[in-house]
Amino acid sequence: MDKKISVGIIMGSDSDLPIMQQAAQVLDKFDIGYEINIVSAHRTPAKAHNYATTAEERGLEIIIAGAGKAAHLAGVMASLTPIPIIGVPMQTSLAGGLDSLLSIVQMPSGIPVATVAIGKTGAVNAAILAAQMLSIKFPEIRKKVISYKEGLVKSVEEKSKALENHK
Amino acid sequence: MDKKISVGIIMGSDSDLPIMQQAAQVLDKFDIGYEINIVSAHRTPAKAHNYATTAEERGLEIIIAGAGKAAHLAGVMASLTPIPIIGVPMQTSLAGGLDSLLSIVQMPSGIPVATVAIGKTGAVNAAILAAQMLSIKFPEIRKKVISYKEGLVKSVEEKSKALENHK
Amino acid sequence: MDKKISVGIIMGSDSDLPIMQQAAQVLDKFDIGYEINIVSAHRTPAKAHNYATTAEERGLEIIIAGAGKAAHLAGVMASLTPIPIIGVPMQTSLAGGLDSLLSIVQMPSGIPVATVAIGKTGAVNAAILAAQMLSIKFPEIRKKVISYKEGLVKSVEEKSKALENHK
Amino acid sequence: MDKKISVGIIMGSDSDLPIMQQAAQVLDKFDIGYEINIVSAHRTPAKAHNYATTAEERGLEIIIAGAGKAAHLAGVMASLTPIPIIGVPMQTSLAGGLDSLLSIVQMPSGIPVATVAIGKTGAVNAAILAAQMLSIKFPEIRKKVISYKEGLVKSVEEKSKALENHK
Amino acid sequence: MDKKISVGIIMGSDSDLPIMQQAAQVLDKFDIGYEINIVSAHRTPAKAHNYATTAEERGLEIIIAGAGKAAHLAGVMASLTPIPIIGVPMQTSLAGGLDSLLSIVQMPSGIPVATVAIGKTGAVNAAILAAQMLSIKFPEIRKKVISYKEGLVKSVEEKSKALENHK
Amino acid sequence: MDKKISVGIIMGSDSDLPIMQQAAQVLDKFDIGYEINIVSAHRTPAKAHNYATTAEERGLEIIIAGAGKAAHLAGVMASLTPIPIIGVPMQTSLAGGLDSLLSIVQMPSGIPVATVAIGKTGAVNAAILAAQMLSIKFPEIRKKVISYKEGLVKSVEEKSKALENHK
Amino acid sequence: MDKKISVGIIMGSDSDLPIMQQAAQVLDKFDIGYEINIVSAHRTPAKAHNYATTAEERGLEIIIAGAGKAAHLAGVMASLTPIPIIGVPMQTSLAGGLDSLLSIVQMPSGIPVATVAIGKTGAVNAAILAAQMLSIKFPEIRKKVISYKEGLVKSVEEKSKALENHK
Amino acid sequence: MDKKISVGIIMGSDSDLPIMQQAAQVLDKFDIGYEINIVSAHRTPAKAHNYATTAEERGLEIIIAGAGKAAHLAGVMASLTPIPIIGVPMQTSLAGGLDSLLSIVQMPSGIPVATVAIGKTGAVNAAILAAQMLSIKFPEIRKKVISYKEGLVKSVEEKSKALENHK
């Protein structure tokens, strides 16, 4: 009920919500508290500034930021808070999201953004990466990460067996 | 002597200076006052915020922002001031600056950046574009723009004649 | 009724109309007069030449040119008139419009085109950029630009609240 | 001495001359008359217009146009004359000339440019292609094209033998 | 009825037919005789070899070759016949046909392919380019090329007027 | 003296050492213990397997893996250990490292790699990101991260002032 | 019935099955025995390790590995077994599979992967390439390869004739 | 002394020799007989045709073909002989060899080319891949492949130890 909010999930536009909810669902599985907001680096710079500069004092440990095209949201967060930032590039029409990817990953020296894959896969992986970061401090999350990886093995095994039986 | 400062030239790193000075030299030709600063969107976010939010009241009409890689400087300016922003993508090792270009030009709906060519050419053109924008208000700058274009014709003509004579 | 025509919106093909009408709608919001035409740099070069060379005397302050693939329309305009040109790259099948973008933005030294994002977003932003350029001269347009930006904040805020309530 | 000028070689900048002279040297081999000029689509639009619209009456059969970045020179020629245009994309820092290539080859329906390889190879091949086009009318040029191709075979053979002997 | 066959249209696969028929239709407009065949550089190398080496003696003046991906058809033709070859890159899933384009245009020194735009536009333009090449020899085709270009002007004008009336 | 080894820095080849030492130097600044090894996913798969599967029990909290081209090293680590993996793409001749970047960042669902910028910048940022991750657990590292960011501000300020004085 | 299993077809995800079954169907035509499994380099690293290290002793002569995005499956196989590995890049949204292609083909010195085309074409060709490799040892497979190539000729010929008759 | 020639190494130009000799040196290590020739698909099509169609009867088991830009040499070989073809893309100025890579790897259905990495790495790996293919038939080559891979492990180990000692 009053689970600690450790992760802030933000996105540049409500059109990114179906993608970024994938991150939320994974955090639910890991039982990690999170909040979810729309914060645009470009359209709501004051809100972005406020979000980033209060993140640490509000108890956030990590921010997951999804954005597309000239995707500056993750970079803006990274410039304003010492906590780690994970960037999720949205798929776009330009080569499938190459613009989003390069805008997020090619950060200058001193201000990293931990960038994951483009789109839905990236959103899922952002949440897992957040869990891995938190697992440095929280052994119970480490256990869940290990258990999650074991689940991946089982899931692939079942599909592989279904394939062999089907043949 | 006490020429009005109309254009702010900023860049993300002092390594961009040799490129961005091209813009300054062109503004000198057009007799347009400018200031020049290093402002990093990521390393000095407070300075960037301050620069943008005071730009209009300080009398700046246009900001020219040069940056490379995940080049957010122009976008940050555009999000925080109503005056027009011109973005100059720096050349990088990633396909010659495709990262800089996409990070500057692919801005979201509502927050444009007037993007010019990559590198030195872009810096020159940013200054000319600034002159063109100012020429909407100042007829004397319009005259200089027209004269500048006539100079280009002459310069090409001379080179073409040299070529013909040389043959 | 007899609002001054300040902006010329042109496009290379009538298939670009659904995109370029986005620019017209934004100019309507800003109460800026405009005209809209189909002018092909390649198929109607005389018309293009005529359009550009008479633009200033006809009272146009800015031209917004949308074109795709080997998109030369904006460049042709820029070569023939001293007023600022804004280029809108159309989305294409080649990597989503990389051809249009590079053909517009990579202009040679001396002849800038103010390039915005690819497609619909770019058309909207071209109009806002035009308003920003005009606002150097017209304080009432500056006010509208500021108001427009405040509207963006509100719009994002409402969507963010809807998201929180929905959760 | 008073050989007919059949081919016009033009380029956007005198910096393109070392590349475009390759085309001239090949035309010399084929004993095809040519003229060589600097004509910038963007910096000298009137000259470009004049060059293209008088090309046919001046007796030019083909124009070879070399240009870089947002390379519009070949396209401008193609829009203004019925004679065939060959475009040579210059090497640039953007992915080695991808901007030049796309700006030249992706012409709209109705206005083709015969595009060849980027850089020096392209300049050589532009001249050979011009010879092939002329050989439709002039059987003696066809013979030279055939002889040129035989020369390529011999040249490769000699190098291959040198390699085998060397081994 | 027994119009001379001047142009050979070939394609690597019957799936390219809807695209390459665009070229045929344009040649029909220009009243230029052509033949149309499926010839795969890779799957039917003997046929390709035979097609190219007999092209000149069979009276072909130009070959238009459409192919996709590692598109070698145009290059194989160019290596085996002295007549000019026009290459049409097919659209593919790799960045919209970048593979086809580069495989056709980046020919080595000595063996040019006149490359046009990707896909349907390219097929139309290949036929116009063929007409332009033939017009070096045949004045009546030159007239048709000029008339075709005038038709483009009218077509754009009509659309532009429709747009103005509609407004 | 006997500082705990928290971070493993590995690289695919000794030619990557000048780049990856940048990460080591930054960790030294943060007083974070690390080890440094050459581990090739492809040439020494057993060593890679061993390195990853023993990482957690050996006390490593984070692995920083630098690799180029088909850069699988980070992904192999991520598949075999629950601790977070940071990937540094090496610069290559293919578009400046696009191959390395995509091979590292585009990981499948379930197995994230925290990817940073290409080359030297990425190596520096990988170390800072590692510090940020550790700072979730260790408040003294958080303080150093904040201090490091303040240092960035000062460094830019000094350069900006030097620029102003120099003018 | 108890045909020897010479080829192992593996894929990173069951979503790749419709593509990779193309390879199976071609092997059926060549009467080459194969097994088909889902093996993820990242999600089931132990299975991947086991698959590769037992491949030779289980009698496999060749492994065909299909994977997408940061496609490491083929590379992992190549690092762990001396038998030849064929890699099939899956189509993705990033430029149509450029990520998969580069992740598979750009292997480091010492550990090759025989890479074929992206997607369905690649899966078909992987099987033919496997037959070609086996034909070094087995003359009866060489005969089938030759016969297959003859079939390609006939198939194209029939389509070409249908086209001519249809005209 | 009179070692059987199993592998044909060919290249499109003598400028490719420093790269392709890497393949020869590796084959020497594996004690596999080879011949080396310059054969251009475009400049010497008859030689290319002859080389491919006689390859099998001359006893070649595999052809390694290196070529750049619109690199058709490997594809031409593959279309004319049933033996497996390995393609080595040369580095070029277009994005570092993306043109060579796509021209070689994106072969149509039915005619595979086993493509390896761009440049020197690719030449080395082509030879190792050839050895792996031959090892299907020749157990003594399989042993050498295994031994070669063990050598890679040792070489990396030594460099890693040198690094640790140096620290």
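Read from first to last, the chains carry the letters A, B, C, D, E, F, G and H; within each, the first residue is number 1.
FYI, a residue touches a chain if its C-beta (ideal position, glycine included) is under 8 Å from a C-beta of that chain, and two chains touch if they have at least 3 such contacts.
Small disclaimer: the values here were computed from a predicted structure and weren't measured.
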Subject >> Neighbouring chains shared between chain A and chain H, ordered by label >> reply: F, G
**OP:** Have a look at D-E, D-H or C-D and name the one that copies the A-C interface, over half of its contact pairs being the same.
**Re:** D-H
Original post:
By how many degrees does chain D turn when fitted onto chain H using C-alpha atoms, rounded in steps of 5?
Top reply: 90
Original post:
How many Å are there between the centre of chain C and the centre of chain H, using C-alpha atoms for each centre?
Top reply: 52
Original post:
So what's the Cα centroid distance for chain E and chain G, whole Å?
Top reply: 35
Subject >> chain B and chain H, separation of their C-alpha mean positions in angstrom >> reply: 49
Subject >> For chain B paired with chain E, centre-to-centre distance based on mean C-alpha positions, whole Å >> reply: 43
**OP:** Note the residues in chain B that touch 2 or more other chains, in rising order.
**Re:** 40, 43, 69-70, 92, 94-96, 98, 105-108, 110-111, 113, 117-118, 121, 149, 152
**OP:** If two chains touch, include that pair; go through all of them.
**Re:** A-B, A-C, A-F, A-G, B-C, B-D, B-F, C-D, C-E, D-E, D-H, E-G, E-H, F-G, F-H, G-H
Subject >> List of chain H residues in touch with chain G within their complex >> reply: 61-62, 82-84, 86, 101, 105-118, 120-121, 124-126, 128-129, 132-137, 142, 145-146, 148-149, 152
Original post:
Which positions of chain H touch chain F when the two form their complex?
Top reply: 91, 95-98, 117-119, 121, 149, 152-153, 155-157, 159-160, 162-164, 167
**OP:** In the complex, go through chain E and note every residue touching chain H.
**Re:** 12-13, 40-43, 45, 49, 68-70, 72, 75-76, 78-80, 92, 94, 98-99, 102-108, 110-111
**OP:** Would you pull the chain C residues touching chain E in the complex into a rising list?
**Re:** 14, 17, 36-40, 43-44, 46-47, 69-70, 92-96, 98
